[in-house]
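In the two assemblies presented below, chain A is common to both, partnered first by chain B and then by chain C.
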Partner chain A sequence: MDKIIYAVTGNNCSQEELNSLVKGISGISGSSLYALSFKNISITVSDFSSSKFVVDKEMAIDFARIIEQLSQKLTLLPVRFGTFLKSDEDILKLLTDHYDSFYNNLIKVWDKDEFGLKVIWDYAKGSEKIKEESEKEVVKSDTYFSKNTVHTNYLLEKIKKHKLEDALLRHVEKLIEEISGFLAEINPECKFKKMVSNSLILDGVFLIEKDKKDEFIQAIGALKQQHNDLHLLLTGPWPPYSFVEIDQSF
Partner chain B sequence: MQENVIDQSKDITILEILDRVLNKGVVITGDIVISVANIDLVYLGLKLILTSVETMQQRHLSVVKPNHPQK
Partner chain C sequence: MSENKILLNSVPIEEFKESIESIENAAASRINATPENADHGLAQLVLTLIELIRKLVEKQAIRRVEGGSLSDEEIERLGETLMKLETKMEELKQIFNLSDEDLNINLGPLGSLM
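Take a look at the complex of A and B:
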């Protein structure tokens, strides 16, 4: 029987208490979860027979549901979906060999939740406004080229496009500054991806202390009121998926 | 105020869940990891679903709780 791994958890209770916490939760194949521990951290697993089950979208969603249930009871590091190992011995070896890395990540996310914020806009309207502003600085051919030819016109268009992209990026950076200002008192750890696509101009994740959750949601609500031209999509609280920094071959 | 901000959308919750379980978290690779048949195809298929995040553009949404859909 193979094993599927769900999460690395930090334990502030005895092994017996931990087992009783996880035992009531069914794994994706219906088998009960159980925890394998080393010192004060554990890996939560369940038996899994890959020949009996189809790995699909529903299973991935179910996997997330189990991690969500665990996160309500324990501080954890979610493991990426689809991680199967052969035996409990392999899992224990993984845990002991990489204890420090797991432990340090757990400390970082202790008693914290993740929130996601996607900022979406109407590209046509938004970029037109930015374009007007960026074109206040007139791009003239003779600034760059001594002659005006088909080739130089083409290059001039490229320069204008580049300037627009620069202006869009500056606009997003200004928005990040504004968000940071709104969240200054909460002071979350955050990560941003800028201009993910024409529509999705900002994709941010925040690691928030659990007791500052309401404050955070209120701050985003206030930000939203100031930006009727943007769609702010706030999701959470999530287990700290985006703040795990363990990606290596074991 | 919080209740006014909170909204829930099953579609977007699913996209956010899939994005996280497929792309984030602890990544374990190496000899000890078993390769399960069709997992790569599942990943490929699910990552295509994620591109539909663009359809959110026309929606006016605020906060979505990760309220996992029932099986």
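Take a look at the complex of A and C:
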């Protein structure tokens, strides 16, 4: 029987308390979770046959549900879906070999939750003004070319496209600065993906202290008030999926 | 996503759907080669790399045009080459039944390739 790994957790209780905490949660295969500890950190696992492992949506959701349940009780580092080891000994070796890295990450996310913010706009409306301004920069063909041919026209269109892409990125970077201003007092760690698609212009994640949740929601609400042109989707609290940085792969 | 995870939502339902679809497309846009579709998976991988290089070349070429360091003749040849490359790429995408989204591989935490 293999062991499927769910999370690395920080122990702020005894091994017995920890085991009784996780025992009530049933794992993917239906068998109970249990914890293996080294010093003050643990790995939560359950028995599972990897030959029965199927990568499908239901199983992934089930896996996320278990991590979610654990995160309500413990500070944790979520482990990638589908991580197996052969035995308890292998798991203890993993825990001891990577202790420093796990511990430092746990300190970073201690008593914190992740929140997600998606910023969506109507691309046609939102980009109209930016497009006008970026095309002003291009001016006209004779800025770059002395001849007007099918090939120079093609290049001019490409220049316009690239200028627009640059201008959109600058616009999103300004928005990130503004968000950072709104959240200055909360001082979260944050990561952003810019221009994920034409409509999803910003996909951000924030690591926030648990007791600052309400303050954070208010700040995002205030940001929304200033931007009728933007649609916001704020979600959370999530386990810190985006903020775990283990320096070695296992 | 359970409703109690949504803390603030001002997204109209149509745009929300479009956004979720784009995320699902990104998740689906991994190279998925199996013994049954190995040739298609390989074509997708090769064309993805070619498209990435083509876009890098295009970006560099545009920088040079904007920098004003090219002669008229060089600009003409550059425009023609880039145009032909793009046309050829469109033909190849049609032959292998691939869309632009298929050539934009999701690199997980690193984001999309292009």
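Assorted remarks:
Convention: the second predicted complex is superposed on the first by the 238 of 250 C-alpha atoms of A that agree within 3 Å, B and C clash if a C-alpha of one lies under 4 Å from a C-alpha of the other, contacts with A are read in each partner's own complex, and residues count from 1 in each chain.
Note that in this section a residue touches a chain if its C-beta (ideal position, glycine included) is under 8 Å from a C-beta of that chain, and two chains touch if they have at least 3 such contacts.
This structure is a prediction, so every number in the text was calculated from the model and none was measured.
In the superposition on chain A, contact of A:Gly236 is made with both chain B and chain C. Look at A:Thr149: by the touch rule set out above, it reaches chain C but stays clear of chain B.
When the shared chain is aligned, chain C comes close enough to touch A:His162, but chain B does not.
By the touch criterion defined above, A:Lys193 lies against chain C but remains apart from chain B after alignment on the C-alpha atoms of chain A. In the superposition on chain A, contact is made by A:Ile246 with chain B only, not with chain C. Set against each other, chain B and chain C differ in how many residues of chain A they touch, and the higher count belongs to B. Once chain A of one complex is fitted onto chain A of the other, the partner contacts of A:Glu173 are absent, as it touches neither chain B nor chain C.
In the superposition on chain A, contact of A:Leu85 is made with chain B only, not with chain C.
Across the superposed pair, chain B and chain C both touch chain A at residues 118, 120, 122, 197, 199-200, 217, 220-221, 224, 231-238, 242.
Chain B makes touch with chain A in their complex at residues 1-2, 4-6, 12-14, 16-18, 20-30, 32-34, 36-39, 42-43, 45-46, 49, 53-54, 56-57, 59-66, 68-69, 71. Residue ranges on chain C touching chain A, taken from their complex, read 1, 5-12, 15-16, 18-19, 22-23, 26, 58-59, 61-62, 65-66, 68, 72, 75-76, 78-80, 82-83, 109, 111-112. Interface of chain A with chain C (complex): residues 115, 118, 120, 122, 144-147, 149-152, 154-155, 158-159, 162, 193, 196-197, 199-200, 217, 220-221, 224, 231-238, 242.
For chain A in complex with chain B, the touching residues are 2, 5, 8, 50, 54-58, 60-65, 67-68, 77-86, 90, 93-94, 102, 105, 116, 118, 120-122, 197, 199-200, 214, 217-218, 220-221, 224, 231-238, 241-242, 244, 246-250.
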